[in-house]
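The chains carry the letters A, B, C and D, assigned in the order they are written, with residues numbered from 1 in each.
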Amino acid sequence: MIKVAVVGGTGYTGVELLRLLLQHPEVDLSLITSRSEQGIAVADYFPNLRGACELSFSEPNLEQLQQCDLVYFATPNGVAMKSAPALIKAGVKVIDLAADFRFKDQKKWQQWYVEPHACPELLPQAVYGLPEINREAIKSAQLVANPGCYPTSVLLGFLPLLQHDFIEADSLIADCKSGVSGAGRKASINALMCETNENFQAYGVAGHRHLPEIKQGLRGLTDQNIELTFVPHLTPMNRGMHATLYAKIKQSKLKSATLSDDIQAIFEQRYQDETFIDVLPAGSHPETRSVSGVNMCRIAVHRPQDSDTVVILSVIDNLLKGAAGQAVQNMNIMFGWKEQLGLGTIAAIP
Amino acid sequence: MIKVAVVGGTGYTGVELLRLLLQHPEVDLSLITSRSEQGIAVADYFPNLRGACELSFSEPNLEQLQQCDLVYFATPNGVAMKSAPALIKAGVKVIDLAADFRFKDQKKWQQWYVEPHACPELLPQAVYGLPEINREAIKSAQLVANPGCYPTSVLLGFLPLLQHDFIEADSLIADCKSGVSGAGRKASINALMCETNENFQAYGVAGHRHLPEIKQGLRGLTDQNIELTFVPHLTPMNRGMHATLYAKIKQSKLKSATLSDDIQAIFEQRYQDETFIDVLPAGSHPETRSVSGVNMCRIAVHRPQDSDTVVILSVIDNLLKGAAGQAVQNMNIMFGWKEQLGLGTIAAIP
Amino acid sequence: MIKVAVVGGTGYTGVELLRLLLQHPEVDLSLITSRSEQGIAVADYFPNLRGACELSFSEPNLEQLQQCDLVYFATPNGVAMKSAPALIKAGVKVIDLAADFRFKDQKKWQQWYVEPHACPELLPQAVYGLPEINREAIKSAQLVANPGCYPTSVLLGFLPLLQHDFIEADSLIADCKSGVSGAGRKASINALMCETNENFQAYGVAGHRHLPEIKQGLRGLTDQNIELTFVPHLTPMNRGMHATLYAKIKQSKLKSATLSDDIQAIFEQRYQDETFIDVLPAGSHPETRSVSGVNMCRIAVHRPQDSDTVVILSVIDNLLKGAAGQAVQNMNIMFGWKEQLGLGTIAAIP
Amino acid sequence: MIKVAVVGGTGYTGVELLRLLLQHPEVDLSLITSRSEQGIAVADYFPNLRGACELSFSEPNLEQLQQCDLVYFATPNGVAMKSAPALIKAGVKVIDLAADFRFKDQKKWQQWYVEPHACPELLPQAVYGLPEINREAIKSAQLVANPGCYPTSVLLGFLPLLQHDFIEADSLIADCKSGVSGAGRKASINALMCETNENFQAYGVAGHRHLPEIKQGLRGLTDQNIELTFVPHLTPMNRGMHATLYAKIKQSKLKSATLSDDIQAIFEQRYQDETFIDVLPAGSHPETRSVSGVNMCRIAVHRPQDSDTVVILSVIDNLLKGAAGQAVQNMNIMFGWKEQLGLGTIAAIP
């Protein structure tokens, strides 16, 4: 059992993380902080936790946090970077679910999150917590930057073909659809039921903060020049993310008489040992609900009309493999436990 | 470990039951039958079960079923009663999630389900599987009739006040709202997305099949004459059931200076040892999502404007405490295990 | 053509009112005010109005308002009462869609809206704008208080039987379900998609502000003593309101051999000349979607199991017959036009 | 006034067409046929039409249909082609909302709709009813093939840039999202609330029937070779269609210092006289709800990161501009009326 704290547990990522940690056999959840809700019983705030959590939200307190083995930050962007240095110094492991430590280049952070980085000296040691790419580094990391939801679904989809040099990297397209919980749990007109229900729209086409994160990730997968068009959309549901990815197959590969089978095989082989990635049979269409509430990415790959364009369909639950679930997976790796510990894999349908 | 079979696993109750059984530490799920889907891999049919279930649907086969310790029927009404006698004779335990064994009076069955009962001789030994009322009988039962979803939410709401003779039983009102999964997983225009989404309506006001089941249950709780007005409604969501119950407080009780507190105390005391019933603090409004995917009933009780009318709010997930979850709870009791075995209690929000 | 202004057009009631007024053949919409959005083109704010509205939101300006024939207030409670006196004095007609002028008794206002009334002297002349009850008074009114959505659905449901002295008025129950647009268009966590979608719950059971308004309305229909239990619920959809009403039939009426037919006839006769009320055939279940976007109330009446309890099902669109539609209907009456002018009656399905 | 019949009025396209025709000032709707529902009052079948439609569904009767000025077919694919020849011969105008007359090449029909065409001799005179392309031909057409919903949203989006030779036609991508009403009103498990709500998925990636229709339309806009990747998705809402279109800008155009402005201007100029197409300001993201229930296409165009990829966002209501609304627009053109007659343009929000 390790002592774990969650800083900022009042959002959707936060409550999902609490749900997982409260059921995790190796975790003693000893502290949940929230400046705005301090003193309130967590189970009064989130009635789904009644009977499962005795804690109240407390004011963030460095001393108490330093006594933990692991501190999760489920805070807005820009919060973790202010507290992390003292925790790192004290030997505490840190997993940040926000964007603070995702960029290797502090200028990228400043450009997209519009404030200077508070601890650029920690960036070199921060590990981007996508286990399917960085498992070894995560094992020994003290500071893990949990990936964004869009980057997770897009990177896992492009990864096998980029690593096999099968596609042109300079004309990638990621058309992504997210449930509304991605907008967070804060008072905002844009995320109201009556603004999002029975409605579908794109947003942030000019430039979403996950764009540079995805591009940085893609660059780690290939030496090719990366050009990516990324269009996120809001879809009227609570949870779920669907990435529809388009890429041109390299001219040199088009000659294969078994091209579609080759592509399917590349995905199956690349992910055969990954517990949380499920490559569907050729011709499948993954449903977001099939991963709802579980830490899983399901992927299908198509070559419609036998053309030179490959279409990859990748689904995750934005709050699980796209946030809290991946954060628990990272913890399991950091502490040397079985990777699926505390992470169920069967979604409830419907 | 016991050997378990599920007859008819292709509906929403069925897939939810499979999800629970596949994760249950004492269950070896050895057989899932479906006449219409035989030969198809269960995980192809329900992609949420990929990686968790190796079985294919098989044709119902009495011999194989007789080798099980327990057979669940997740079939339409009228199916279990045809197969149950042979299983009972062979010493197999049976839990029927349909209505076949819920009535003590075979005429009621025939009246509401419009066909003669196939094995009225089994009705006396069938136990109505509402553990909060019949736990002792369930322990030694061989044949359990799993309650309907409306009856579960209504009976658990009225129970404490009826048993304490606090309310008039001859003017009860149950205004109930159900998610669409209650309509089952079958091709039907009425349950289409475009017929139910952005729509709310009552149905079956003249007489719903759960009415006589509720009345039979209420009669077991009091010697008073029972009159119940039951109005079910369809609400545009997948899961969840909300019963809003109204009753007149008995004249003799109205004198108490602490009447509202008395009523709250009656609920808290009656259910203090029940794992799956959560009485909320006075003044609360339970949310259906707080029990989504878990075997839980949350109840709040109100006396608005300090009048002589008591309002009870009772929520369950119609597929869990209203069906598959209660069926697993009954199994746990029948086999002497801890009642919460294999039944998580934290709903995922949102 | 009359000159019309809308004060406070940024909410859901406001935009619906704009939609109706922009298409009304006798209305010159000359002013739409909003303190917070002044200067912004209305069609930029509400893209559904692109091409239909050239106005920008302007700062409320008494002089300009006084030049109108009619001013609508689609503002939060407590705003209209501050501006109305000057408009009334200037001879302008006023329709307030908020609660400011709904109570005859200023103490009720103060009790439920928690501030003193700003112009109690206007209350006697204010007409409660439910045309099916007050049509004659509305014709000559200068100041109309547009009813709340719950009161409209409940009063229209109980009206015929109360006026015919058919039911006991001291044990009325109104179990009401509203779409989320009833919560308004303001930044609030409670009305977020992720808080309301796939969820159903009661709220305000202890006392909702529409309770005294309904009771005042009921008192106008009968000399009997009124006791009402009112439980509002939030249902996961944008629009629509369903009132399920319960009442005890008077002992003296129960002897009729044709009681159910009598009750049906009472409804049909009472509403036969009402354009915006549709009494469904006996045994029907009105759907909220059948009135979505139109100024219509559909009602069905049941006597389940031939008992002494009558169940009335009444549906409206909370934004139309429950707000903006009724406000236009009132305008049509006040200006002597055909009552259905500018008000379509066919809902779009699905 | 003209005499109009609707053949097959029981689907979602049918009821929407009825709603429009019943309110159209020049239409005498004299016949609505349905083999399966004959004898049933239309307003009993679709309660939203109560009070607006006195007709009952009748058996299709050639003689009666021949006495009409215009016959709409809102039938499944393959029905209209069997009845149309006799009507055409009798001088009746015909608008088919299904696919029977959309292909110029009868082999395409047979390939994608899997049966021989019943009247290939009519194909040459059938006009593809997309007014923004074929208005002149529609004016004098006797037989109009109303376009599919996906083709409408995609063709209107690509049209301006293809006609201006601004984009490469051999690498077009159309990532489209449709509400569930596109699946029609028929008993089917796939379109159930519990299969589609809280779920998002692609379908038909290998080849959807609208693919050849879109390609045929694109070929009419350019001499370039057409290659299109088309991926349709199902999104959890009743109505609405969002096409996200990707194209490479031609090398020769990239030199312009005002490229983004040029592109915006091309759209604005091309559609400046079109009543039912609304080009949004640069940087906009059209919402499907802004066209819900109205015959409108809203389009925005982006060039993210100033790259060589243009992104076009095009939204329609699949039942209006994607079906029934466009069918009425075509009728208005065929009979020489104002194009917007009977077609409102303000969507109701929310």
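As a working rule, contacts are C-beta pairs under 8 Å (C-beta built on N, C-alpha and C of every residue); 3 or more make two chains touch, one makes a residue touch a chain.
The model shown is predicted, which means the values in this text are computed figures rather than measured ones.
Taking B-C and C-D together, the chain pair joined by more C-beta contacts is B-C. Placing every chain at the mean of its C-alpha atoms, the farthest one from chain D is found to be B. Inter-chain centre distance (chain A to chain C, centres taken as mean C-alpha positions): 46 Å. Between chain B and chain C the centroid-to-centroid distance comes to 38 Å (mean Cα coordinates, whole Å).
Per-chain Cα centroids separate chain C from chain D by 37 Å. Among the residues of chain C, those in touch with two or more other chains are 12, 181, 194-195, 197-198, 236-239, 286-287, 289, 350. Residue ranges of chain A in contact with chain C, taken from their complex: 12, 180-181, 185-189, 191-198, 236-238. Residues 12, 15-16, 19, 22-23, 46-52, 181, 197-198, 238-239, 278, 280, 286-287, 289-291, 293, 298, 344-350 of chain C are the ones that touch chain D when the two sit in their complex. On chain B, the positions that touch chain C within their shared complex are 171, 173, 175, 177, 179, 194-195, 197-203, 205-207, 211, 227, 229-231, 233, 235-240, 242, 244, 246, 248, 283, 285-289, 292, 302, 304-305, 307, 309, 311, 313, 315, 350.
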